[in-house]
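Paired with chain B in one complex and with chain C in the other, chain A is shared by the two complexes that follow.
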Partner chain A sequence: MEKDQYKGWLYLLPAALFLAVFLVYPLVDVFVYSTEEGYNFASQTSFGTGLYNFSYVLHDPYFLQAVKNTFIMVVITVPLSTGIALLISVGLCSIEPLRKLFQTVYFLPYVTNTLAVGLVFMVLFKKTAYSDGLVNLLINAFGGESVDFIDGPHAAKMFVMCLYIIWVVMPFKILLLTSAISSVNPNYYNAARVDGTSPFRIFYKITLPMISPTLFYLIITGFIGAFKEYSNAVALFGTDLNAAGMNTIVGYVYDMLYGDSGGYPSYASAAAIILFTIVLTITYLNLTISKKHTYY
Partner chain B sequence: MENTLEKNHKASAAVRKIITYTGLAVWALMVLFPFYWMILTSVKSYGEYNSEYVPKFYAASPTMQNYLDAFSTVPLGRYLLNTLVFTVITTAIMLVVVTLAAYGFARLSFPGKDLVFTCFLALMMIPNELVVITNFVTITNFHLRNSFTGLILPSVTSVFYIYLLKESFSQVPDALYYAAKVDGTSDLRYLWKVMIPICRPTLITVGILKVIECWNSYIWPRLITDEQAYFLVSNGIQEIRENGFGRENIPAMMAAVVVISVPLLVLFLCFREKIMAGVSRGGTKG
Partner chain C sequence: MRVLLDKLTKIFPNRNKKAGGEVVAVDHFCFEIPDGELVGLLGPSGCGKSTALFMICGLQKPTEGKIFFGEQDVTGLPPEERGVGIVFQNYALYPHLSVLQNITFPLENLKGADKLTKEQMKEKAYEAAKLVQIEELMERKPNELSGGQQQRVAIARALVKRPKVLLLDEPLSNLDARLRLQTREEIRRIQQETGITTIFVTHDQEEAMSITDRIVVMKDGKVHQIGKPQEVYDDPVDLFVAKFLGTPPINIFDGRVKSGRLIIGEEEVLDVKGAGDRDVTIGIRPEGFILDEKGALSCNLSRVEVMGRDVSVISTHENCQGGTLRSIIQAENKVDLSKKKVRFSLKKNKVFLFDKESGERI
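Right, the complex of A and B next:
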């Protein structure tokens, strides 16, 4: 029996070891780093302990720009992508022929390398010496002026950015919403039909309340995901996001850690902790609101 | 009266159908268009592409030259091979680690098990962005940058997959375990001969999800590698974009994009049901 007890732990050992070294220790360490003032990775020196790192980060114009960008992305992409996904899922569940085909097509962005497909978006929107790009030609056709969406004004870049983010996050939302909608008990619909309820009312009074847990789950994960946006921005605008004015908070963390502006893990840690304070607050608010409005 | 009502109803149903299909088709087009455009551009020659001020929706003289360029001018083959090695090894090690842990939690009993399991679950809440900073420093201090070991080590465990597998293992009836015990089967042998075959669907799902994650991973590989010899496809394509084919050879770049995208698309079309079911159970990215 004694031997058996050890054996149970033995099975957990590899996982526990990896988790301790690469998850638990770093979590503690990040707080230590964040209080070591001005820690320089190259010289391994810091000049004291305190909250200077946080104040440095909060006064860094690049960080403020990153925060602004991230908030714009969150505010635009989360409601839009969730709303469109809901519309599409309701549409999908109301048809029979071609449904499988549509579902398969809609899922494709999930299995693509977002760094690679981002380049296609860049090509479609970029203004070059040879051509204004397909999207600009479309705008011209409707009588508009060409805009450089990749190296041009901030609003134009933000537009492509949000469009691409929505394109990337849609598959997951559509998948979850369609399975939620199709698992609603058909008896409710039949009862409503007997009563002659209008389709809009059916959606508002039956479908929406029944899928509200999934919807809130998607909104919460959507917020978290959007706050951690980074690689989609790299896909469109390259690795020097500060120069493009399109950096995100996570991007700022990595830039502080590595690359031409890197070598400052303590600033990176402070920025990461600020990010997660924001995310935790938003998630807490979301959970509070969803408790009030979820049907179950 | 009755008749017109029914007619009206039928007409409005038809209109609704048309609107629904149009809306669905528009989004399908939005999804497919970038794929169409990358394939189209990749078969246009450099001269043809740059001479079209208004890009054509077909290639006048399709060429495979861009694909040859993609493999010869930049080390795309190297990137693909690296990614394949990284993906296979990471997924394999992860499956072993995760299976052992899940089995420990599901079948074996030892003191403190529940407490440890709760702690494991709590670890799920730790965001990657917080721990990556120290992991970067750890790997650098171990001199493991620009090595497969450094790339692979931090991503071989996943609490979430342990949880998924544990749930699956727990559904296997206890009676089988006791029967095997009476027969003198060892725990490890029982895991291998009974549990794994029964829970194969979950294992495959976990494996596929991990493969997708590995193939698309960008941030960690970028932090940990700066020698091209160790670049994965995501970093490779970034490198190609920034100083790849020179003079903005968009068609060759698109050929590289196609080559990078194809493996996962093929995997998806082969395991469509499995992947979609798996993602709805355990996917993120949204």
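Right, the complex of A and C next:
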């Protein structure tokens, strides 16, 4: 038995080493950086340890803007994308002809490159010298004023941003939800039908509880993914997100490290730790709630 | 409630579209089930018995034919308007609901004038639970119950709305042997207590024979024989029914009839007056053999299995299909194991003759 245990550890060693070097060490390092005040990257020296980095980051208007943006994105995109994905999945599962075709269509965004999708959104929303973008043409056709979605008011930009995120994250959710829905044993539906259960009640009382593990998985990973939002913002608004007022927390971390005003790993680490704390709290809350509502 | 099936037919398109054609799952099923009877639909798997059940239930629409409950034609009615309760093979208990919630689920769907208060629902649920003896389990979840208990919950859920017809799809197939015996008695008791017309589907002939008032033997969508279990056993209409019913199974011989005598191999074994000269397939029930030193049928003795109450004699005969035959004789009869041969005479009412080609009873 003892010997077998050593063997087990031996087999785990390569993976454990890899994780230690590329995951555990950087993680610890981030904590260390975040408490080192006045850290100089070139000379690898610091004045001392303390919480000044956190204080700086929390008072930085760019960071506060990034936190605000991130929270707006999370609050809007997670419920909407999950809800719409659920509706589409239920629809997909209840149609027989063309189901495969629709499934493919809905899955396409997942395999499409983010930047290519960004280009499409530009065509739809960006104002150029020649056109105000397709959406503005539509607005004009209904008698509205053109809105500058890319360089205009914050709300307009946020609208495009959220639309874009929802569009990008939905395919994966639809994929998982359709498979979850179609794996519900049809006998439950038969039993419910014999009892004269209305379709809404069947959905609410049978389908929803049955797919709740998948649903909660999507909500939890959805929250985490939305908090880590960055590349989609770049695809739409370019790399200077602070100027566009559309920066996210991860974007802020990146800017602090490599941006034009960058070179402050301590501030970046502090921001990363704050993000980590937020995500940890939200995930813990999610798990607590999901435990109450899933049936196993 | 009397149930009448009139030329009930279900045709499925072939799954493999290239092969074309269609599968006739149920073929012109005519049957009248008197009020309050327990009827077993019996047949090998894939014979269309479950399809027939689902049509009676309303989950599948018949291609042809009509279904009557009493005087009412219910062919076009959806399941919830037929007043049926069904127990599925895997019970289909909702895993996220407690036993009580599972049983009250059908009641919560009632609308308008039938709508019940929470108290009434609970009362009815406990009534049904009492019938199947699961009152102590009401707060449990289905996965905390044994197979037999789940079965009872499923029956309670099917009964709680007081259906006119109760349908059971392979109700015992998920239970172990001992529980099966117990549960089938239980089903019989519940059926007799409630007096609900009950139809149940099974591929197990023993199950069907033991508790039903009437059995329907089906094969390939066609009804072969309908009757009281004992009648069907004693008087099968064809080779399939004879082979399908009875454990141990019937022994089949190749033989012929010549001038009123039945001949197996070279031996004249029985008088069969009235049958014309022809080749026949002979079915002899295991209990149809009498150990008799002067018996007409001689077989090569292989071994003897002592069962206590009676004895199985396993022997071989070259004209027996499958080579070996099994006969059951009273334990008092001593078989001389030193001899290589054993001789039997036959009980006439346990010997059935079938047409060699069609398998029809002669």
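Following the convention adopted for this analysis, the second predicted complex is superposed on the first by the 274 of 296 C-alpha atoms of A that agree within 3 Å, B and C clash if a C-alpha of one lies under 4 Å from a C-alpha of the other, contacts with A are read in each partner's own complex, and residues count from 1 in each chain.
Note that in this section a residue touches a chain if its C-beta (ideal position, glycine included) is under 8 Å from a C-beta of that chain, and two chains touch if they have at least 3 such contacts.
Keep in mind that what you see is a predicted model, and the values were worked out from it rather than measured.
Trainee: A:Thr197 contacts which: chain B (first), chain C (second), both, neither?
Mentor: The second partner, chain C, only.
Trainee: With the two structures laid over each other on chain A, which partner does A:Asn185 touch: chain B (first), chain C (second), both, or neither?
Mentor: second
Trainee: Check whether A:Met158 is in contact with chain B, with chain C, with both or with neither, and answer first, second, both or neither.
Mentor: neither
Trainee: Touching A:Ile206 in the superposition: chain B (first), chain C (second), both, neither?
Mentor: In the superposed model, A:Ile206 contacts chain C only, not chain B.
Trainee: Would you sort A:Ile278 into first (chain B), second (chain C), both or neither based on which partner it touches?
Mentor: neither
Trainee: Of chain B and chain C, which one touches more of chain A's residues?
Mentor: If we count touched residues of chain A for both partners, the winner is B.
Trainee: Within their complex, state which residues of chain A touch chain C.
Mentor: 185, 187-188, 190-198, 201, 205-206, 209-210, 212, 295-296
Trainee: Going by the contact rule set out above, which residues of chain A touch chain B in the complex?
Mentor: These residues of chain A touch chain B: 4-12, 14-16, 18-19, 21-27, 29-30, 33, 41, 84, 87-88, 91-92, 94-95, 98, 102-117, 119-121, 123-124, 128, 130-132, 134, 137, 167-170, 172-173, 175-176, 179, 199, 218, 221-222, 225, 228, 230-231, 234, 238-239, 250, 253-254, 257-258, 265, 268-269, 272-273, 275-276, 279.
Trainee: Using the touch definition from the top, list the residues of chain B that touch chain A in their complex.
Mentor: Spelled out, the residues of chain B in touch with chain A are 16-17, 20-21, 23-24, 27-28, 30-32, 34-35, 37-38, 41, 49-55, 96-98, 100-101, 103-105, 108-111, 113, 116, 120, 123, 126-127, 129-138, 153-154, 156-157, 159, 162, 187, 212, 215-216, 218-219, 222-223, 233-234, 237-238, 241-242, 248, 250, 253-254, 256-257, 260-261, 264-265, 267-268, 272, 275-276, 279-280, 283-286.
Trainee: Would you mind writing out the residues of chain C in touch with chain A in their complex?
Mentor: The contact residues of chain C facing chain A are 57-59, 78-81, 84-86, 88-90, 92, 94-96, 105-106, 108-110, 141, 143, 157, 161.
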